[in-house]
Amino acid sequence: MTWTWFHRLASPPYVYGLAARLTPWFAWPAALLIVAGLWGGLVLAPPDYQQGDGFRIIYVHAPSAWMSLMVYTTMAVAAAVGLIWRIKVAHAVAASCAPIGASFTFAALVTGALWGEPMWGTYWEWDPRLTSELVLLFLYLGYMGLRAGIDDTQRADRASALLAVVGVVNVPIIHYSVTWWNSLHQAPSVMRLGKPTISAAMLLPLLMMLLGFTLYFVAVLLVRLRSEVLARERTASWIREAVSA
Amino acid sequence: MSTSGAPAAALTSVAATDDGAGVTLTASALDATRLALLRDLKLAFRKRGQLVQPLAFFALVTMLFPLAVSPELSRLREMAPGVIWVAALLASLLALEFLFRDDAYDGTLEQYALSGQSLTSLMFAKTAAHWLLTGLPLALMAPLAALSLGAPSASLPGIVGSVAVGSVALSLIGSIGAALTLGMKRSGALLSLLTLPLSLPVLIFGARATQLAISGGPLLAPLELLGALAVLGVTLAPLAAAAAVRISLE
Amino acid sequence: MLDERLEVENLHLWRGERHVLRGVRFALGGGGCLEVTGPNGSGKTSLLRTLCGLMYPEEGQVLWKGENVRRDLPAFHAALAYLGHEPPLKADLSARENLRFWIGIRRRVAAADLDAALERVGGGGWCDRLVRTLSAGQRRRVALAGLALLVVPLWILDEPTTNLDTEGQQLVESLIAEQLARGGLVIAAVHHGLPATVRDVRRLELPP
Amino acid sequence: MKEFLDMGGYAAFVWPAYLVTLTVVVLNIVWARRALARSRAEARRRLDVRGERP
């Protein structure tokens, strides 16, 4: 009995319908939270005592960076589930994650650079976090490249899932090695800022943005998931209803 | 018992029991791994041309730097670790494309997957062959490159050691990428996109060890980290490569 | 317990948008031979590869001795010899070296047995030449020698007579006949049907 | 308002950062919807080919 929800979640028609029904429940709260977070972050929050108004980049940079990691983790977990139990829906989730994650990793890199110029005096700093983020972008690109290179969906699913799992094992090692490397080559000229003291008026919009982006991710994922599920399904019985609607 | 029971039993007994010499007929996993390794080595020596290519590539790349930057030994010495490691990484990558290609074409991989032996240990054998044929020669060649870049002769043992250990990890990581890109027509660029980000830790620790070797510092810490990566690779990479090969055969 | 038996239940396989296998079912006991026929693209090779456990069917299962082969693939593979379209040979090794490695990975084989097998397929004269210098028919014969050396209960053969002359085809017949007489099983995909001398052949015709 | 747009002198960095992120946010929505429309058209085409839709 405990496994019925699991089996239902593995059934494409059920997931297709469920995804369609759930999307607005994530999309609208996400929109509200993001708008409120923007208002709070851009207007209500006071300027940082060190970084002035420049710190406001955090309200887009931190959520993007959070997305890049969270989406990769989601992708790897879904990929592992698909690989182990041969569940098509799980592969569909993993495949849906990649373009979202890649685009937000890109956003995190660009916003990080735009933040770096006024704060460090350079757009690009070989800082462990930015470097890891760059590697993460390559991991996403590799995943998408591998998928694109294999014609057969089933084989593409399994090969890319294996890559995602190998990648997720490596991410901590890469991050550790980059941090280790960075500690050897501390550039003295760059101005290092202490952690800004964050007041509630600063923190609350940030939390709203983080939650808003997460809900937004789920909403976009659900839309993508429907298209990926459709692409993997060949038995016509339920598709006829799905596409005629 | 069905009518065919007797002959069937006879057949099974042939496969399962000892022959006259008192040895089992089935090959042990160790035998299988050894033979797979020997086969790859023998094949590589039949095609010596391919064997030399990564080494020539390595020598060529290290030669480009003095020409592109400056012939000043003091500047080259500073760059030497990076040059040696980037060149070794690319040379190892170059040889990876051929790691499984022929085996996939002629059906050897299929026979490996259907041999009843552990595909993981057969993949280990293939990776070991790759290392013996590229990683080890690269490590032995690294002193030449290092000397030409102004490294002191006292640093050579450290350089050989770091390249030898690091290239083990490179071969293992590469075997996963090579297995994943099996069956693609133009896999070279994708193979580097998959393999290079994962090789980053090896590059970092390896270059650091080489740097310490040149400057005469204690290089045990980065060497140990390289060793840890190699050990982790030995335990996990053949498993992943075997899974990738199975997927490519589906 | 020792009764070798292959049962196939309701196999459905999809490749992309193509429904390749549509409910294939059969059972084959010791000493049984099944020939799989059908036009090009009807899924003969896919069926054989699915039986081997290389491809995963969407539905249905393959049972060996009453157990799903997926439960213990290595044990099933140890009982199985599969010959695909192309003989699994390395062009840069001699016929003898090829056999030594290919068969040696699976079982210990004495040099005398190797010689006997090569002699049997008519390779006495050319077995030390590199495979790249051999003709397609000779390569096929090397693969047959390997098949004979494996001594396993289940043979799965994809077009075993391709490229063979009349004498070579007779060789395939006698090898299959011996395997059946030993109580082994043979499943062969064939274009023109197995020669009439192989008796007791059951036929599975795949629709186009 | 002008003061707000000026962002304490950081306008050249703050606004592009917001612009890039919001572009990514919007593009993801557009891409996802387009992918779904494409998959539905593809599914319809498949049904037509098999003659399962009148």
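Think of it as A, B, C and D in the order they're written, each chain with its own count starting at 1.
Everything below uses one rule, namely that a residue touches a chain if its C-beta (ideal position, glycine included) is under 8 Å from a C-beta of that chain, and two chains touch if they have at least 3 such contacts.
Note that the structure is predicted; figures quoted are calculated from it, not measured.
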item	value
Chain-chain pair with the highest tally of contacting C-beta pairs	B-C
Interchain centroid distance [CA atoms averaged], subunit C/subunit D, Å	53
Separation of subunit A from subunit D, taking each centre as the mean of its C-alpha atoms, in whole Å	15
Distance between the centres, which are taken as Cα means, of subunit D and subunit B, whole angstrom	43
Subunit A and subunit C, separation of their C-alpha mean positions in angstrom	48
Sequence positions of subunit C contacting 2 or more other chains	17, 56
Where subunit B touches two or more other chains, by residue	250
Numbers and ranges of subunit D residues touching at least 2 other chains	46
All chain pairs that touch each other	A-B, A-C, A-D, B-C
Of all residues in subunit C, those that touch subunit B in their complex	2-4, 29-32, 49, 52-56, 74-80, 82, 84-93, 97, 100-102, 104-108, 151-153, 181-184
Residues of subunit D that touch subunit A when the two form their complex	4, 7-10, 13-14, 16-18, 20-22, 24-25, 27-29, 31-33, 35-36, 38-40, 42-44, 46-47, 50, 52-53
Subunit A residues touching subunit B - in the complex, by the definition given at the top	83, 135, 138-139, 141-142, 145-146, 149-150, 154-155, 158-159, 162-163, 165-167, 169-170, 173-174, 176-178, 180-181, 184
Subunit C-facing residues of subunit A, complex	86, 151-154, 234
Subunit A residues within the subunit D interface of the complex	34, 38, 42-43, 47, 52-54, 56-57, 60-61, 63-64, 99-100, 103-104, 106-107, 110-111, 114-115, 117-118, 216, 220, 223-224, 226-228, 230-231, 233-234, 236, 239-240, 242-244
